[in-house]
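Several structures are given next for inspection.
The same chain A turns up in both complexes below, where it pairs with chain B and then with chain C.
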Partner chain A sequence: MHAAGLAAPAGTPRLPSKRRVPVSQPGMADPHQFFDDTSSAPTRGYGGQPSPGGLGYPSPSSSHEAPFLADPMSNMAMAYGSSLAAHGKELVDKNIDRFIPVTKLKYYFAVDTVYVGKKLGLLVFPYLHQDWEVQYQQDTPVAPRFDINAPDLYIPAMAFITYILVAGLALGTQDRFSPDLLGLQASSALAWLTLEVVAILLSLYLVTVNTDLTTIDLVAFLGYKYVGMIGGVLVGLLFGKIGYYLVLGWCCVSIFVFMIRTLRLKILAQAAAEGVPVRGARNQLRMYLTMAVAAAQPLLMYWLTFHLVR
Partner chain B sequence: MAFTLYSLLQAALLCVNAIAVLHEERFLKNIGWGTDQGIGGFGEEPGIKSQLMNLVRSVRTVMRVPLIIVNSITIVLLLLFG
Partner chain C sequence: MAEAEESPGEHETATPRPLFAGLSDISISQDIPIEGEITIPMSAHARELDNSTLNESVRHTIMRDLKAVGKKFMHVLYPRKSNALLRDWDLWGPLILCVTLALMLQKSSVDGEKDGGPQFAEVFVVVWFGAVTITLNSKLLGGNISFFQSLCVLGYCILPLTVAMLICRLVLLAGQGPINFMIRLFVVAVMFAWSVIASTAFLADSQPPNRKALAVYPVFLFYFVISWMILTFTP
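Now for the complex of A and B:
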C-alpha cells in the first residue's frame, strides 16, 4: 500500500504531467471519505431512546417527572427550544465554511501513526528517499494517510505546540520562566510564520509561477521546521551547547534538502520532471526562489531557538 | 525577541500606508513606474517590474478607503492607550 512500491526507477525519464495513478486502495470505501465513519453506531443508540421528556433520565426519577412533562405547554416549549438550537447549529455550520474551509482542512488531518512515523523519519533523513511526487486519485491528491509525500497539518500543529512547551521547559530550567513569556514565545513564532508565508506568497506572485501550491500547503511545509527545533532544544537541555549545535546543524541540513526536493517539484514543475538542468532567466529565477525559501528555514530555526539554550 | 502579532500588524499597516502614499503623477511617472508605461505585449509573460507596478496600482486602488478607516481607528486607539 505504500507509495514507494509504485515509483519508477530513478533513471527513467518522467512525463511532465502529474502522474495519475488509478490507485484502488482496499481499505477505502469512498475516495472522498478520509476517516472511517463510526458515527452510525453510537447515534443509533442515542436516537433510539424513547423520549418521554426527551431527557434520557434513568427510570427511577421518571415518576417525578411524569406530571411535569405531561403538561403540554412545557412539552411544546422543549420542542421549540430544541428546534431553535438545531436551527442555530445549522446556521453556524453553513456559515463557518465561508471563513474556514473545513472540508479542505480535513484532508490535511487525515493521518495515521504509520504516516507520522515515516514522515518524521523523512524530515530528519531525507537523503535516501527517491520519489517525491504526490500521487493523485481521480484528480484529487491522495490523503496523507496513503502517500508519504503529501503535506499534512497534523505534524506542524503538534510540533508548534510542543515547541512552545519545550521553550517553557527550557526557560524554566534557567529560572527565567514566567507564564506570559510562554504567550510571547507563541505569538513570536506565529508572527514569524505569518511573515514567511506572506513573503513567499508575494515572491511567488512576482515571479509569476504557475503552481498548485496553496496557502495551506505552504503553511504545512513551513511548519515542518519545528520538528528540528524541538530536537535541537531538547538535546541542548540534556547535553549542553555542543549537543544543541550538533543536532540543530543536522536538522538544518535535512530541512534544507527536504524543502529543496519538495519545492522543486511544485515550483520548477516542468524542468524538474524532465530532469534537465535549469536554464533560462525564468527558470533561474525560480531556482533562486526555491533556494532562498529553503535557506530561510535553517536561519529561522537558529533564530527561534538560540536564546533558549544557554 | 518581542516580535508579536501586534507589531506585525503595525508593520503591515505602515507598509500599506507607504505604498498608498506614492503619488502617480509626481513620482511614479518620473521613475518610470507609471501605470501607462508598463503594459507589455499579450504574448509575453510579465516580468517582475510590471508585476510590481501592477501590485502598487492595485494596492493603491483597493486599499484607499479601508486605509482611511483603519488609520483613524489606529490613531484613536494609540492616543487613548499609548
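Now for the complex of A and C:
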C-alpha cells in the first residue's frame, strides 16, 4: 500500500513541532522600539452607540493617548463581548420581528406633512374626491406618501393620543379629572377598538371574502374616526352642546361616506366596485357588511364622546 | 528536530538575479527556531491612563457626571445648533429633572386621594411613557436618531418647565387670585414655548424636511400635558 500519509512529499514544509518560546508580557515599558508607533490619535468614543466589533481597539473616553495595544487579553475580551452583543441584538430583532412586523409598520409611517394635511381634509370632506383606488407598483401598494388613498398609521395613532388628552382636558373643565381617569379612558377606547377589529375580522371570515385587507389596514381605517371625535369634543368645549352636536354630526356623516367608499373597493367584488350592480347573494352580503362597518363608526363616535361634553 | 538549520535566506547570492527569483527554491525542511521578545513600546504614563476609572475617588466621579449634566443644561437653556446633547447622551439629567418635577407636583394633602393632584408615580409614568412614545414615533417616521439619544433630549428639555414649576410655587405663596393665575399662565406659556423650541432644535434635524412637523407634533402634545399639570397645580 502506498503510505500516502506517512511521508510528506519532498519540498513541502513540515509543521514545526518545536514549541515556540512564549512571548513575554507586552506591558513592560521598553525603550527599545522595533517599529514606529503609528497609532493614530484617539477618537472620542460615542457613549451611546455600540462599540465596533471585531477590531478590538480600545475606545478611551478619558485618556489622552491611545496605547496601541493596552492589554491583548482585555482587547480580545472586548472583541468577543461586542461580537456577542451584536449576535444577541440580531437575535432579539429577529424575535421581535416575528411578533410585531416592524418593516410592515414602517410602510404605514412613510408619510409626510402634505399627505397628512390632505388626508385630514379628506376625512372631513370626502364628497368631492373621485378616485379612491390605491395605486400599485409591481404588486405592492405604494407608500402613503405618494398616494392619498393608501392607509397610514400615523394619523390614527396621533389622533388616539390626542383624543385621550382632550378627554382629560374635558374632564378637567368639569372638575371630574384625576390622572387615573386618563388611564381609564385610554384603556376603554383601546378595548372598543380591539373589539371592533375582532368583530370585523370574524365577519369577514364568515362571509368568506378574499380580500387584501390586512389587520393593520383595518386598524388604520378604524382609527380615522378619532379625528372627528377630537374635533367634536374641542368645539363642544368652546361652544357648548350645540357646537358639539353640529360638528359631531358633520364628522359622522363624513366618516360614513369615507368608510363606504374605501371599503367598497376592498370588500366588494371588482365588478360591483366599478358601479355595475351585480346580483347575487354573495355581493349583497358583502354590501351589508360594508354598510354595517360604516354605520358602526358614527355610533362609536357618539358613544365615546357624549359623556365628555356636558 | 532540534537541529537548527540555517535558513536558506541567509545565503545572499551575489549573482544578479531578478527579485524574488530565489524564493521558489527555498524549502524549509527543518524547524527554524524563532525566539525573542516582542514588547509593545509604552510609556509608564500611558499605562495609568487606560480605560478603567475604578481607581478614582467617588467625589471625582460624581463631579465629572455633574459637570456633564450641567453642561447639557446650558445647552438646553441657550439652544444652539450643537451636537453635544446628542453625542454624549446620558440619562442622569432627565432623571434628576423628572424626580424634582414629580416631587414638586405632588399633592401635599392627606385628606382624600381624589383631590385631583397627580401622585409621584403618575408624573413619572407620564413623562417616561410620553418620551418613549415620541421616540418610537420618530423612529418609525424614519428619523436617524437613536432611542436613548431621543430620550436624553426630551428629558433635558423639561428643564424650562421645571423652572416654571419653581416660579409657580413661589408665586402661589402670595395667595391665589386671577392676577396670580395670569402671571402663572404667562410664565408657563413662555417656558412651554422654550421647551418645544429647544427640543425641536435637536430633534427636527434628524428628520427630512417634509416630515419635521409630523415629528414635532407629539413633542408639542407631551410638553402641553406637562404644562397643563403645572398650571393646574394648587397646593
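Rule of thumb we're sticking to: the second predicted complex is superposed on the first by the 237 of 310 C-alpha atoms of A that agree within 3 Å, B and C clash if a C-alpha of one lies under 4 Å from a C-alpha of the other, contacts with A are read in each partner's own complex, and residues count from 1 in each chain.
Definition applied: a residue touches a chain if its C-beta (ideal position, glycine included) is under 8 Å from a C-beta of that chain, and two chains touch if they have at least 3 such contacts.
As the structure is a computational prediction, the values presented were derived from the model and not from experiment.
Participant: Looking at A:G172, would you say it contacts chain B, chain C, both, or neither? Reply first, second, both or neither.
Facilitator: Second partner only, chain C.
Participant: Looking at A:H307, would you say it contacts chain B, chain C, both, or neither? Reply first, second, both or neither.
Facilitator: first
Participant: Which chain makes contact with more of the residues of chain A, chain B or else chain C?
Facilitator: Between chain B and chain C, the winner on chain A residue contacts is C.
Participant: Hey, what residues of chain A end up touching chain B and chain C alike?
Facilitator: Common to the two interfaces on chain A: nothing.
Participant: Which part of chain C faces chain A closely enough to touch in the complex?
Facilitator: On the chain C side, the touching residues are 1-2, 27-44, 46-47, 49-51, 53, 87-90, 114, 116, 118-119, 122, 126, 133, 137, 140-142, 146, 148-149, 210-214, 217-218, 221, 224-225, 228, 232.
Participant: Using the touch rule from the top, collect the residues of chain A that touch chain B in their complex.
Facilitator: 184, 187-188, 190-192, 194-195, 205-208, 282, 285, 307
Participant: In their complex, what parts of chain B are in touch with chain A?
Facilitator: Those residues of chain B that touch chain A are 1-8, 45-46, 48, 51-52, 55.
Participant: Considering only the defined contacts, which chain A positions touch chain C in the complex?
Facilitator: Against chain C, chain A makes touches at 10-14, 16-18, 20-21, 23-24, 26-34, 37, 44, 46-49, 58, 60-65, 67-71, 105-106, 109-114, 116, 154, 157-158, 161-162, 165, 169, 172, 175, 177-180.
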